[in-house]
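The structures considered in this document are given below.
Common to both upcoming complexes is chain A, partnered first by chain B, then by chain C.
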Partner chain A sequence: MAVLSIKNLFIEYQIKSGAVKAVEDVSFDVEENESLGIVGESGCGKSTLGTAILRLLPQNAKITGEILLNGVNLLELDNESMRKIRGKDIAMIFQDPMTSLNPIMRVRDHFFELFKVHNPDIKKNEMIKIASEALESVGVDPKRLNNYPFEFSGGMRQRVMIALAIALKPKVLIADEPTTALDVVVQEQIMQVLKNLMKTKNMSIVLITHDMGIVAEMAERVAVMYAGNLVELGAIHKLYNKPMHPYTRMLLESIPNIKLDDMDLKFIPGSPPDLKNPPRGCKYYPRCPFTKDICKKNDPKTKKVDSRIVKCWIYGE
Partner chain B sequence: MVKNSNQMMSARISSFLKDLLGDSSGIMAALGFVILIIFILMAIFAPLIAPYSPVQPSGNPLTAPNWHHLMGTDNMGYDVFSRFIFGSRMALIIAFIATLIAAGVGIPLGLIVGYFGGPLDRIITMIMDSVYTFPGLILAIAIAAVLGPGIINISLSIAVVYIPTYYRVIRSQVASAKNELYVESAYSIGAKTSTIIFKYILPNVLPSIIVVLSMNIADAIMTEAGLSFLGLGITPPTPDWGYDLANGQQFLISNDWWMAFFPGVAIILIVLGFSMFAEGLNEYFNPNIGEKR
Partner chain C sequence: MKTYILTRIGLSIPMILIILTIVFFVLRVLPGNPVLAMLGPKAPPSVVKAMEHQMGLDKPILVQYADYLKDIIHGNFGQSTVTGMPVLKELMQKFPATLELTIFAMIVAVFIGIFYGTLAAYKLGNPLDVSARIYSIFVYSFPVFWFGLMLQLIFGVWLHWLPVSGESSPFMTPDPMHTGLYVVDAIINGQWDVLKDSLEHLILPSITLGIVISSIFVRMVRANVVLTLSQQFVTAARARGAKEKSVLFRHALKNALPPILTIMGLEFALLLGGAVLTEVTFSWPGIGSYLVSRIHARDFTAIQGTIVFFAIFVAITSILVDVINAWINPRVRY
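Moving on to the complex of A and B:
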């Protein structure tokens, strides 16, 4: 059974000049101990989706649909029960490790805060024990519990953030571009840490990123998002070898390849649509080389083709 | 463990003093600090230092300074030196109470409004801005005139003037701090809103308040002296510099300068002390200023 299951999720930001449709009719499942990558350009709704799962979106965001965690719809919970799920059942790590720890709190106190939220009677040595274990599992010396965040490098801080996120053994970890702010060597280390954790802690990871390489290394299945829509979802190797949606194909083609003599960097012309006034029909047609008449008129339905999900008119009605 | 933390503390204090004395502005802050300590000790040990009672005649009226009356006596025969000593009590008590009230109202208000924002923000900010528009002393006079004399009333009327200062500083800092990633990550581990406000946001915005605080005490002393000078402050014969200054200036014309001179010097010195100290702190907490010079 799926640990996390998202059904027909719509998210709109209400702003003065109208509504921005950040996520439209997105559905997917995350199985136990699976890692699912979500990729797409900036502004396509990846982070909104990830943040929505924890219900941490700003108040002007309107969410409809279902987010089921072990069969419980998170969108129907009251704030207090939702607060208790955060950090314990679902945890999140953020893009910028340099600012995601409180600069005036010791690392220790970040852990204590987390433990006390979920168990007010917890003893101090017990907290230190769990925190030390968590730090060890991400490769940080437990002695550093007494340090302040500024005494850590970026990579180490991200490890601390991960340790904080997994300390209470959540079932799902949402990693919102966990390596974007780090250099490549550290990226690789962090990815190894996440991989090990998945194996040892029986945890599912939702990896949000725009780095196709990281997804290839880490994820078992990939969801491709464009302009708030899930355009393709499938197993990583199938999707990389034979992309079905034109957007996926062009996204993969735009990865520079050092083996080819081709010096030109391929890219997708144009830019994602304004989500306040998205084009009628398929959101991608203005940039798509395979545009047909029907693309401009009607939005394609989500179809299942060869155990893959794809949203494009090419694959029939 | 305890010993260790003590050592750390003393090391911190010594490095603080070293930083402070590192350049000329540090010397200024240190000088201000010394002045303050002298006045505070004077206020605490006033009965031990003062040679006479400040509220009973101790000699002939209008005696010029001599060895029995270091600062002379006033028109009632009170010893000016004793009133000088005891006056520090009134000035400091009122300044501290007023600053406490102002900070005690302004900081939580700024914190809550800055965090929640929205229509509440617009209304409270409008009220605060309209209070801020009045010249400080004029507003304090108006409130003091309604409330009447007395330590608490005077403190209150001074406090009202300074609440907007705290409110504005805290509100703007909170408004930017609440969007920091560490606040969001605190939410993502399930922290309560109250925990986030008091444990994550407040400590991060508090340093900016320390300078405002010491500046405000200096300002409050001036306002208090001003109110007393105008007869709206402490009821005589309680020793108070502002009142003594007002009383003494009537006798300047007959060359009895000491009655007005010494309370005036006291006010100048204590305000100078606080301002120099505040400036020093400001440079310590805000390295950008130091670099600019």
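Moving on to the complex of A and C:
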């Protein structure tokens, strides 16, 4: 059964000159113990989607649809109940570890705050015990609980963030570009940490990234987003070996490969549409080499094609 | 932390020395002869000479400078040319009144500044925020004496709720005096009628001063909290389920404090030098009123003494602010 289920989610940012449609009619499930990757270009709505699950979007964001956690619609909860879910049932790690920890609080106090928020009666030695275990599971010496964030490197801070996120054994971990701000060596270490956690802890991961390599390494299924729409979703190997949506195909082709003789980098011409004034019909048609007349007139429906989801007119009505 | 405090104190010694030097030379360069101011323009030259000799003004300027520094280190600020009393003694008599007014005014200003500013930042763009901005501009543009007069008119003259001037009513001073702070002394002595009288006298001047200063604080706090609220660690704290109150005060406000504390400390030090306009408006017998009356009397030693006194206070306050900042912010300490 799905732990997290997103149904017909629409997100709009109200700004002075109108509404930006950041997420449009997105639906997917996250199964238990599964890792789901969400990929797409910058500005395609993937971070908005991740942040919306925790209801942490700015005030001017309007969300409609359903976000079900074990069948409970998070969008219908009052603020207080939602707050109690954050950090306990769903946790999140962020892109920039350098700024994700409060600079004037010891690492220990970050943990203590988390524990006390969700259990006011918790004893101090119990808190230290859980915090130490969490740090150990991500490869940080528990002695460093007494350190301040500025005494850690970027990679270590991200480990601390992960330890904080998993300390209360959440059912879902949302990782919003967890390695983007780190160098490749540290990136690999953080990925190993996350992989180990997935093996040992009973937890689902939603991995948001623009790095196709990381998704390939980490995710079991992957969702491709374009201009606020989910254009394709499927098991990682099937999707990488035989992409169905033209956007997925071009996205994969634009990954540079050093083994190929043809050194020219492939890329997708044009840029994503202005989400304040998206094109009628399919959002991708201006950049798509297979555009038909119908693409310009009507937005394709989401279709299920052999256990995959794709949103394109190529696959019929 | 100990090393930090010691270093900080060590660093402020040259700073005080520089201020002392500037005060000395500026007062010597300014037009006007203190002896003539004392004796009047028609004094015979022989008397003037004798007086100059007595005050040491005929010595070479560097010798005078050395004497001046030596005196100050020994706590000797010179004698007032008007009353003949030691300036330091006069200042110490006036200082408690100023300190009392400053503390109460700062309580008002900090309270308004922190809460109004933080809430405005939290409700960015909402009516509360707009009202905070209007408040700061309005209040900042009030002349403090006009604002004081209006409060006197409303609460003193029309409503008869509060006294309009002075530090106490006749025969309503604490006895015996311990600290010179009426409120504190009245509590020590258990003289509750005196305490009530002192507090009543404090209300209007400290609200006047406090509200005028709060305008800067509201703006400072708002601007800095807006900045910290947009930081990722604030979102991260929310993502861990932190309560909004804790997000706002523990995470956002506390990180915004260093620049705010610096301004508050400086403002506090400035007020200790005497809130001249407020003290004069409310006939408050503090250092501000003292300085004004001595400027009128051309009492050079008293003016010099007041400035030095004030400068030392600014130095001490800035040490305190730095220590508090270091205590809040670990990055400063290391």
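Odds and ends about this structure:
Methods note: the second predicted complex is superposed on the first by the 317 of 317 C-alpha atoms of A that agree within 3 Å, B and C clash if a C-alpha of one lies under 4 Å from a C-alpha of the other, contacts with A are read in each partner's own complex, and residues count from 1 in each chain.
The rule we apply is simple: contacts are C-beta pairs under 8 Å (C-beta built on N, C-alpha and C of every residue); 3 or more make two chains touch, one makes a residue touch a chain.
Please read all numbers here as calculations on a predicted model, not as lab measurements.
In the model built by aligning both structures on chain A, chain B clashes with chain C. After overlaying the two complexes on the shared chain, residue contacts for A:F150 are found with chain C alone; chain B is out of touch. Residue contacts after overlaying the shared chain place A:A131 against neither chain B nor chain C. In the superposition on chain A, contact of A:L54 is made with both chain B and chain C.
When the two structures are aligned on the shared chain, A:K84 is found in touch with chain B and with chain C. Once the two complexes are overlaid on the shared chain, A:E113 sits against chain B and chain C alike. In the overlay built on chain A, none of the stretches 44-52, 62-70, 170-178 or 260-268 of chain C clash with chain B except 260-268. In the superposition on chain A, the residues of chain A contacted by chain B and by chain C overlap at 54, 56, 83-88, 91-92, 94-96, 99-104, 113-114, 117-118, 161, 164. For chain A in complex with chain C, the touching residues are 51, 54, 56, 83-88, 91-92, 94-96, 99-104, 110, 113-114, 117-118, 148, 150, 161, 164. Across the interface of their complex, chain A is touched by residues 231-233, 235-243, 246, 250-251, 254-255, 328-331 of chain C. Listing the residues of chain B that touch chain A in their complex gives 180-182, 184-192, 195, 199-200, 203-204. Contacts from chain A toward chain B in the complex involve residues 54, 56, 83-88, 91-92, 94-96, 99-105, 113-114, 117-118, 161, 164-165.
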